[in-house]
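Below is one structure, written out as structure tokens, with a few remarks after it.
We just call them A, B and C in the order they show up, numbering each chain from 1.
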Amino acid sequence: MSKLLEVSNVRVQFGGVVAVNDVSFSLNEGELLGFIGPNGAGKTTMMRAITGVVTPTSGSILLAGKELVTLPIHSRVRMGLGFSQQLVKPFRNMTVLENVALTVGSHHTGSPLSALFKVGREDESTRARELLELVGISDAADADPSNLPLGYLKRLEVARALALDPTILLLDEPLAGLNHAEAHKLADMIVDLNTAGRSIILIEHNLGEVMRICSRLVVQDNGNKIADGDPESVMNTSAVRAAYLGENTDHAAA
Amino acid sequence: MLYVELLAQGLVQGSIYALVAVGLTLVYGLLRILHVAHAGLFTLGGYIGVLVTNATGSLLLALVVSMLVVGLLGMAIYRLCYQPILDKPPYVALIASIGLFIAMEEIYRIAFGPYGISYENPPLQDVVHIFGITLRLGEVAVGIGTLVLIGALALFASKTRFGTVWRATVTDPEMAESFGVDIIKVRYLNFFIGSALAAVAGVMVALLNNLVEPTMGSVPSYKALAIIVLGGLGDVRGTLLAALALGVIEAYGTIYLGNYLDRDAIAFAFLILVLMVRPQGLFGRA
Amino acid sequence: MLGLSGYEISLITSMGIAVIFALSLNLITGFCGQISLGHAAFYGIGAYSSAMLTKAGMPLGVGILGAVIFAGLVGLAVGFTSLRVRHDFLAITTMGVGFLFIGIMRQWDFVGGEMGVSGIPGSGLGKPGFMFLVLGFGVLTVLFSLHLKRSWMGYAFDAIADDEDTARVIGLDVSRYKLAAFAMGTALAGLAGALYAHNVRFIDPESFGFVESITVLAMVVIGGIGSVFGVIIAAALLSVLPLWIQFIDEYKLLLYGGLLFAMMRFSPGGLAGLAKQILPKKSSLKASGDTKA
């Protein structure tokens, strides 16, 4: 198994506060990795370091052997890092289909000048419709996203991330805010994507679903990695139990 | 003594900027609106000040009436103009506000004539000598008046219960609302106080220039916008510092750079330079 | 010629220039969502450039080309500024650029200082000929705007206008798109400015002040941000109404101010938004660059 993403000794510090303390972990090809931790564990900060919203104080993040740390967000995305955001943010001036089709056409939009000379969106719309079917929201293709329920929007985020045909799919709390049935359904879909060959990192609070679908877990607490391994044994380590003891795991915010 | 004199002039000018800009920054903190029409209220404050003084002979009465009327009008502007469009993208309120400001200036022109009005017996024109520099009584009054008002505002904001609620709301409206703050009441108060301060500034500028004209709000409006950006948008302390700093920089700049740039251009050159280095403003948090 | 009086020809010419100018801002504010409160500065840079070049003996074509290039280059520089600041900060910064431009022009003797530049050469095409030149450029500008809106660049602009952060997440190089918008929009403003200079033959700093920046913004906003046809109609109306009716010229600013306010307060989508409300629906694909951004 080759390592697709390799995070080594990443440290993020805001002023005197260390949010992520020399954390290392990796994602292997074809894996569905759960990245978990109690509230305030620095999970979101770690993810932001990978996506490029936050610049690490030190450390390295390799995607298929290439260093990401110095690159802006859009370059990381174009190198194959697809991600869905915790807060769903569809473009409200487009339909659901247009939201996805724009992303499908990312080969047209690499440079503004060449984008100016390209017209026609039929192929992209077709592919976008397929993706909407894949995540199960094709009935809302022509809808205005501002009027859709959260369950649809979460899946729109996933479809949009998939539209880039990413090497790695980074899903930041896709289940947050969904009811039990919706969360279960979306989790199943994530498994399907993984089975179809997609390598995925899932940051989640919903421990039940994470335990059910992930093949490996990385646990972070107080900015430190405290466990890494298969779900059963990870959840049985004393450090993880201590971290979660008394923690309210329902909260969405991290 | 030139340096000291320039400093004093700069601080007087800066005080006026501060009085206008504080209201603007408070509105921004609460509603994320660039309230350009605020400068129209400043102009109206000047008009009321001159009209009431001329009618009654009392500058103090004029000041009170002006603050009251303009404060209430500020509340009305919030209710009638901004509240219905708060959920629209930010440019909507900005452009509506610019439109309102232009229309207000035109209404003043039509109502009071294009050439402006003056005090019949201009008050506070005597000259005083302090620390070896010469100032008009009016300029001293501007400096002291600003200090007193801002001081009172700071006291109100830090020592009273409502003040605490107000500060919390300006810092983080959503958070305050989730704690059960009646956010609408805070907004009304906010517009009343901000507008009343602008009215004071209008009366004072009328005093210093002995003239109120329809377009007297234009320059302060642009400047006040620059100031609240320099101050870090929504940050009251930053705004006060930026206002004084800009007043002083303009005073020196006009002497030393006057051959290359006029006063307004100096202010904006300073603004652009600062934003290139600190995009969050001089005193804004990163 | 064509049965048009000299007066009508000058009306149409002014209208054409206003349309080009308004569409130039529409590229930046309407398509890309970047508010500019200092767009008249680039109109001014174009006017001054072409005026000075042609006064130095260059032919009209060189003057216009110089205006486009020079305004576009300065616009690119201001675009870099825009990358540092966002939203409300950007609006104030561009307003600052406008004041800075006026301030420099007032003090700069080489371009006439406060006195401005007079004796700018005409087009040499006669009044009708110049009108056709303006209309020609106008048609090209309209076609370009329509094409841009349909292209993938326009698609990407829609995303950036709505939410920059999310645009980055789907792999758009937001900075380069913004620079492109500024460069194109300001270059086009330079073209409009050059045409203006050769039309009126006299320019001074006050011709390109804050009021002009607001006027052109009014055209874009009243037309309906991002809507090409809405902006054309608004620009045509707002530019000739004051010339047409003396009464309106007197109260021109009150009209602009009142219209801007009323439009935003009651129909933030502008004329295009109004039309969409009134006209029967429904074409399923709504126009991109919608006003709901």
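One rule holds in what follows: a contact is a pair of C-beta atoms (placed from the backbone, for glycine too) under 8 Å apart; a residue touches a chain by one contact, two chains touch by 3 or more.
Just so you know, these numbers come straight off a predicted model, no measurement behind them.
> Counting one step for each move to a touching chain, how far apart are subunit A and subunit B?
Counted as steps through touching chains, the separation is 2.
> Just to be sure I understand: the centre of a chain is the mean of its C-alpha atoms, right? Then which chain's centre is nearest the mean of all of them?
So the chain nearest the centre of the shown protein is C.
> Could you tell me the distance, in whole angstrom, between the mean C-alpha positions of subunit A and subunit B?
Distance between chain centres: 47 Å.
> Where the CA atoms of subunit A average out and where those of subunit C average out, how many Å apart are those spots?
42
> So, what's the distance in Å between the C-alpha centres of subunit C and subunit B?
31
> At least two partner chains per residue is the criterion; list those residues in subunit C.
293
> Which residues of subunit A touch subunit C once you look at their complex with the stated criterion?
Residue list for subunit A touching subunit C: 51, 72-75, 77-78, 83, 85, 89-95, 98, 102-103, 105-106, 108-113, 115-119, 121, 142, 146, 160, 163-164.
> Using the touch definition from the top, list the residues of subunit C that touch subunit B in their complex.
29, 35, 81, 84-89, 91-93, 95-97, 99-100, 102-104, 106-107, 210, 214, 217-218, 221, 225, 251, 253-254, 256-265, 268, 293
> Show which residues of subunit B lie in contact with subunit C when the two form their complex.
Interface residues on the subunit B side: 28, 32, 34, 81, 84-85, 88-96, 98-107, 110, 218, 222, 225-226, 229, 233, 259-262, 264-269, 271-272, 275-276, 279, 281.
> So in the complex, which bits of subunit C are touching subunit A?
It comes out as residues 147-148, 150-153, 155-156, 158-159, 161-163, 165-166, 168-174, 176-177, 179-180, 284-286, 288-290, 292-293.
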